[in-house]
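Here it is, the structure in full.
In this document, chain identifiers A, B, C, D and E correspond to the written order of the chains, with residue numbering beginning at 1 in each.
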Amino acid sequence: MAKIGIADTTFARVDMASFAISAIKKNSKHEIERYTVPGFKDLPVACLMLFEDYNCDIVMAFGMAGAAPIDRQCAHEASTGLQNVGLKAKKHLIEVFVYTDEPKNDGDLFQIAKNSA
Amino acid sequence: MAKIGIADTTFARVDMASFAISAIKKNSKHEIERYTVPGFKDLPVACLMLFEDYNCDIVMAFGMAGAAPIDRQCAHEASTGLQNVGLKAKKHLIEVFVYTDEPKNDGDLFQIAKNSA
Amino acid sequence: MAKIGIADTTFARVDMASFAISAIKKNSKHEIERYTVPGFKDLPVACLMLFEDYNCDIVMAFGMAGAAPIDRQCAHEASTGLQNVGLKAKKHLIEVFVYTDEPKNDGDLFQIAKNSA
Amino acid sequence: MAKIGIADTTFARVDMASFAISAIKKNSKHEIERYTVPGFKDLPVACLMLFEDYNCDIVMAFGMAGAAPIDRQCAHEASTGLQNVGLKAKKHLIEVFVYTDEPKNDGDLFQIAKNSA
Amino acid sequence: MAKIGIADTTFARVDMASFAISAIKKNSKHEIERYTVPGFKDLPVACLMLFEDYNCDIVMAFGMAGAAPIDRQCAHEASTGLQNVGLKAKKHLIEVFVYTDEPKNDGDLFQIAKNSA
């Protein structure tokens, strides 16, 4: 049984984390630790804490990026930070970023979340 | 009670840091340390000093980027540096960058500053 | 005789890894360790594990990127992570990313895989 | 009294470093160490040496970038390296990059150099 | 007398490394170590080995990038890796990347190679 960290943001317009948490609980007995930060640029530090201070075995980071070019750039910076955290912890960090200008359906997201957990 | 670091720049055209500081003082008893540098590319080193030398528990970095493509690139470089600082310190570093070509109102900024503190 | 790590993704639409593995087996007696992850952003951590935990001497990372600009950005982030892993391990990490909007033929890929192994 | 490192390039078309050095000498008694490299991509290593081997307290890096997109990309890479050096040394590294396609006047540059020193 | 590392790629369409090596031999008595890898993304690890395992005092990395946007992105990733290697070794790493869509003459290249050595 693993401990799964869930990092998400208050700025996201859909509560993806709760969606993932209920999917994980429905399908497994894994322990879950949730850490919510303001925006997606705060996710890398939260994920590092989930690995190092909360001893999570795997972490999922949920973020939602707007459609403006600057949003893309910010998501890129957050994502680069997440890559660094995964390598620092040498544990899998599943990034689930949704771009509000891309058509996505919840079923896809559910599948990603379920597969990652 | 936490110690909050505030890093800002002399190149910014609006004194966002003072705005945030008065918001923090109005709503809490947190200790504040302010560090002002010339431009936003100097913010990462200032933030690292605020964490490691001034023992801040959380740092807010205020920057203002111009509208030219090169300004965006420079903001990207500063922002990547801030991400590295947050991970190095494993403490939250709230980046508050305003892009002068984006409509923003002070109320939004106040909310971000207040939530972050 | 070397130990070759093969990291690939379940999201790729062509099983490039199997193609490379049979090419390696046909041409050499090298030991092979395969590690499959969901998407290419998960490859850097997998490659780090292949080097450090599975003691591979060289690692090949297979990914397939879509045609949208966001796919390019994600591939860039994964690729930067792979560069970091190679430097951390100081061992060769051969990145084999195929972009679905570029004409490629399997012969080219075979040559790359064979040369790399 | 501080020791100021000045890193510049032989490829720059204006001798900005000499301009800064005379401004510093005119206004202060700071010791100056100058290190000249071929192009701006060589500046990060020079700056690291100025901090760690020449014991500079602050370093200024002068570069001049051409107008082509590839020049911008190269400046970005150099600049990211400079950010890393500043964080590694935890000392201020003032980047003074001039883009030849941007209107600039020497007075601005003088002010930046003087303020930084 | 220094030891010069020369890293180059089999994918380059012009044998720049040999050109540089003969220029160095003609003008000096420096010892030369050559390391050839498949593509330019493999150069950073090769350069790190040249510094740390072959004890080179300076390294030159020769690469040739194609004209497609993805080639530019890949060159950017390789170049960022080279920057990291130079900082890790704290020794000069001269990047000589030629972009096949830019007019260049061999005289320029010779000058760069000669100056760097």
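Following the convention adopted for this analysis, a contact is a pair of C-beta atoms (placed from the backbone, for glycine too) under 8 Å apart; a residue touches a chain by one contact, two chains touch by 3 or more.
Bear in mind that the values here come from a model prediction, so they are computed numbers and not experimental data.
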Mutual neighbours - chains that touch subunit B and subunit C alike: A
Labels of chains that are neighbours to subunit A and to subunit D: B
Between subunit D and subunit B, distance of the C-alpha-averaged centres to the nearest whole Å: 24
Between subunit C and subunit D, centroid-to-centroid distance (C-alpha), Å: 39
Sites on subunit B at which at least two other chains make contact: 76, 80, 84
Starting from subunit A, with subunit B taken as the next chain, the full ring order: A, B, D, E, C
Subunit E-facing residues of subunit C, complex: 72, 75-76, 79-80, 83-84, 86-87, 90-95, 99, 102, 112, 115-116
Subunit C contact footprint on subunit E (complex, rising order): 10, 37-38, 41-42, 44-45, 48-49, 52-53, 68, 70, 73-74, 76-78, 80-81, 84-85, 88
